[in-house]
Amino acid sequence: MALQPRNPDYRAAVERYVGAQEYLTLIGVALVRIEPGLAEYRVPYQPAIGQQDGFFHGGVIGGVAEGVMGAAAATLVEAGANVVGAEYKVNFLAPGRGTLLARGIVLKPGRLIVCRADVLAVADDGSETLCAIAQGTMAAVKPSRG
Amino acid sequence: MALQPRNPDYRAAVERYVGAQEYLTLIGVALVRIEPGLAEYRVPYQPAIGQQDGFFHGGVIGGVAEGVMGAAAATLVEAGANVVGAEYKVNFLAPGRGTLLARGIVLKPGRLIVCRADVLAVADDGSETLCAIAQGTMAAVKPSRG
Amino acid sequence: MALQPRNPDYRAAVERYVGAQEYLTLIGVALVRIEPGLAEYRVPYQPAIGQQDGFFHGGVIGGVAEGVMGAAAATLVEAGANVVGAEYKVNFLAPGRGTLLARGIVLKPGRLIVCRADVLAVADDGSETLCAIAQGTMAAVKPSRG
Amino acid sequence: MALQPRNPDYRAAVERYVGAQEYLTLIGVALVRIEPGLAEYRVPYQPAIGQQDGFFHGGVIGGVAEGVMGAAAATLVEAGANVVGAEYKVNFLAPGRGTLLARGIVLKPGRLIVCRADVLAVADDGSETLCAIAQGTMAAVKPSRG
């Protein structure tokens, strides 16, 4: 499945989309990869985004999964369109430690964009553990004609 | 269904559980109600937890829904037990503005605790909009015998 | 929230919608209640829809939950529109025995219709157990202008 | 991730597990592949499992996805253990026509087994369309010591 971006400047558009979400700055998300139908976020651990045992909070992990699916979806929408989350589902597989590496991919483009995400926890020694998996729907909202 | 707490000090236990999650402090969550099998969080809007349009970020709304289901579950576990999220699912119904009021309830207690959550957006004039709904599974982790 | 049907003949439309789904006949679904934004199905147990322990198969329970959300959604769409499932999520709370009574309700109408469902297992003595809960999204597909 | 079966006779055990589910016979499921942590079902279309437009009913597709995740999970449990569904989530990507080919894989083994499923629709000319994706949790229930 070769997904084709509809916006030739999709990279810049996704960077703006991610940069405009202050919450992603708050939790320390870095956008580290953009391809048509794919995006990756990196999030180093800090206590402020932890839960009671010193791991990433489930709400952070789920939100990162949702966010990276949104970024993956944003690679495929037309210029000026917005992407908003409609629904998502997360399963937690292992406690989140170290650095999160979240990858979102688009499985069905269109007005409703169906995505999956894998969230890996990367330890200091580079070993990776699958920490969470997600799937969800993003909605492309057309630019208003103003 | 009258749910019975197994820990007579469940209120203090839930307050400790919520207070120990630094992420909830980061995003400004206040625990405003605890009953057996029920918990409520309030979260006032601030730009740091927003998305590109000035509404609550979906990851925040989903995380608050997950967190309040965890707190509801924590009202029913035995003394010293921990509660961790296993999985959850969120549907977004309306943009989140104003103040979030999230209510989690337990539908099935046990080792795997099945919960639902409603997240209302409360406007300055007090009017309420159903912003998101969630359901998920929390796992009760027994205290280690140390 | 008083949900208003857009089709004055919504009852007949939902009956046709349900009657046209042969799968619902195969598994013995009876449509027992229709209100604006609400529908109920009854499904008596028979071995052909069971799993390895003599209970309703999870796929049947999940499908009934999905189907009754579709019927609830179908009460609110315009005349001639079709309703198709976009996504759903089910949690199982107790083994399904006796007769299933599934209730779907609409929480957000529109082109994407967000619903919840409760599936009760009703024993021969009339006692009810909450067997499964679901939430999902139904899409209203406009009638083609032919 | 090389998943190791705990039951040396896992193939026969999965065949018995699938064969004992009468519902799977009702809808015409054939178990066509078993590997450690993986299972595949084939389901040819027949009107009795269709919806109002002549496609596979969403409840069938979701149930097949749930069922094949159960079969994948059953490859990894100890001899005599049972597998029951705890929860699942399905997104529909395209109408189901032709023959369904559903593949379930295990991403996390254990007492709670986290799985994903892809459901392809295979047309008469052999072309494949991704029809639905799912993720869910199966619970391994230990054999009773009788």
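We just call them A, B, C and D in the order they show up, numbering each chain from 1.
Following the convention adopted for this analysis, contacts are C-beta pairs under 8 Å (C-beta built on N, C-alpha and C of every residue); 3 or more make two chains touch, one makes a residue touch a chain.
If you're wondering where the values come from, they're calculated on a predicted model, not measured in any experiment.
More C-beta pairs in contact connect the chains of A-B than those of the other pair, out of A-D and A-B. The contact pattern of B-D recurs in A-C, the pair among A-C, C-D or B-C where over half of the contact pairs coincide by residue number. Computed from the mean C-alpha positions, the centre of chain A lies at a distance of 22 Å from the centre of chain B. Distance between chain centres (mean CA atoms), chain A to chain D: 28 Å. The set of chain A residues that touch two or more partner chains comprises 86-87, 89, 91, 137. Residue ranges on chain D touching chain B, taken from their complex, read 86-87, 89, 112, 137, 139.
The residues of chain B lying in touch with chain C in their complex are 89, 91, 93-94, 107-108, 114, 116, 130, 133-137. Per the touch definition, chain D reaches chain C in the complex via residues 17, 20-27, 47-53, 57-60, 62-64, 66-67, 70, 82, 84-92.
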